[in-house]
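So that you can tell them apart, the chains are marked A, B and C in the order they are listed, and the count of residues begins at 1 in each.
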């Protein structure tokens, strides 16, 4: 949790950015948040895979929690991306920002995950069904990424790679890495808290049942 | 292997016979897709681009497919006939494959009407479009059948399926529209083929998990 | 309340028990339990059934008879305890509350589908023989959607018996059956002695003296 303050430090220390002015600073939040969301979804899919493959029942709650945190970070990505778009281009939403579009698709997809969970009876079957869907998410991610690229090309032809490698200065890069580490830590902490909460909840229900 | 294929054939043929007798799904799909095409005429300005017409066709096809998918497990869900199939010693993925084949057949039937209607009302139908539709059908049937089984086991049932399916169908629409309009439809057809391959394998492998306890 | 379990002939301590002991174990369950969400429908059941036995499961509505049979069939998994069934699902015949038949298909088509899935040799002969025996031959080409409950139950019995299962699970088999149907069923149960049968019924007197063991489930 201390690393969250590190995030603030990085924000103040880094503002030696070039032409884009202060608006560029949101980049230090936006991109790490997005990467963290990917990490959460990836973790969810990994846990889902463990559940299906090894029959590890605890993986159900872990996968669910990872999706939960991932959706929160995904939403944050959409919000920060939207702010960035407003500051840079003067509009709240732009379809030309591929990452944002991808997050919109993922957000829709994982919202359906919650719908699926809430409308299925708890039990081993729900665990597996949710796991299958979470696994689909991990596959949908690169496929959608490709799809958005292809769609972009169709709608307004442009060179495929318009952003080349890291053109950040060392200090920017360091700040970026600190921010990323901070976000990942934050997500990890939230994940553990949420997981503990959900486990306690489940345990409590079991105990109450034993008493009944 | 031959055993597996004969299971799949028996299951798919059963679905086709059931539909032939009940006529629940296909007539509804035909009416729906034509009505949708007509409605789009009134929703779009007259000087709309080819792009708009193609996009509209793909939306119509996708929503028509949802009708088939929503109905796909009704016969099994009502009166729990799925239990009978699950008790049988056949591989569970054969149930998925049989159902996918029958859904594919229903989609093809609906499109056999929708594409001529589209040609009549709007734009000529190209070979690329037909290829795109055929490839898209594979993906829709494969993924949709799996999600249909998930939705059939949930409380929300019909309501849940579109929510689960539409985010997964976005790449299909991209591929389909691209195949219809792009100067090099090959890469879009290739993309659809890739989608089919990945998601068909994934659905085939995971079907057992969503229908059994 | 813990369900009681007793084996007929046990108090006599006689030869019958000895015979059962020597038979191979078909079903072995200890502390078996199942809940749906927060609701417990079956608690702490111990059952042993040897091959060739007929177990009668009795109990009031809601005591978990159906759940027990679905557990034995492998349609659901236990949430507590252990359960072993000696045969795999290809050798189990299951008759549930629902006939598990397609309403749009005829008896012939329904049984043919299952016959193919169970890979029954000489499918046609077997199906024809069963339909004949259960008095459905005349109706073999009619859609089952129009059948009465009793006819559906007879056809469902044909479905459950189609592959000559080693373990037959019957959930309220007498429901909707008329006198003739009951006769046919009892006849069938008395027939093959190597087959293990579990019958759940709240009408135990219908079975008469056939059961070799009883399991009384109490309300949970």
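FYI, a contact is a pair of C-beta atoms (placed from the backbone, for glycine too) under 8 Å apart; a residue touches a chain by one contact, two chains touch by 3 or more.
Worth saying up front: this structure is predicted, and the values here are computed from it rather than measured.
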With centres defined as CA means, the chain nearest the overall centre is B
Chains most often in contact, by C-beta pairs:
A-B
Subunit A and subunit B have mean C-alpha positions lying a whole-number Å distance apart equal to 30
Whole-Å distance, C-alpha centre of subunit A to that of subunit C, is 50
Whole-Å distance, subunit B centre to subunit C centre, using C-alpha means?
38
Going by residue number, subunit C touches two or more other chains at 77
List, in ascending order, every residue of subunit B touching at least 2 other chains.
213
Among subunit A residues, those touching two or more other chains are 121, 123-124
Subunit A residues within the subunit C interface of the complex
121-124, 205, 209
Residue ranges of subunit A touching subunit B (in the complex, touch as defined)
52, 105-106, 108-109, 111-112, 115-116, 119-121, 123-125, 128-129, 131-133, 135-136, 139-140, 143-144, 146-148, 150-151, 154
Residue set of subunit B touching subunit C in the complex reads 3, 6-7, 10-11, 14, 17-18, 21-22, 75, 79-81, 83-90, 213
Subunit A-facing residues of subunit B, complex:
146, 150, 153-156, 160, 163-164, 166-168, 170-171, 174-175, 177-178, 181-182, 187-188, 191, 194-195, 198-199, 202, 206, 209-210, 212-213
With touch defined as at the start, can you tell me which subunit C residues reach subunit A in the complex?
35-38, 40, 77, 79
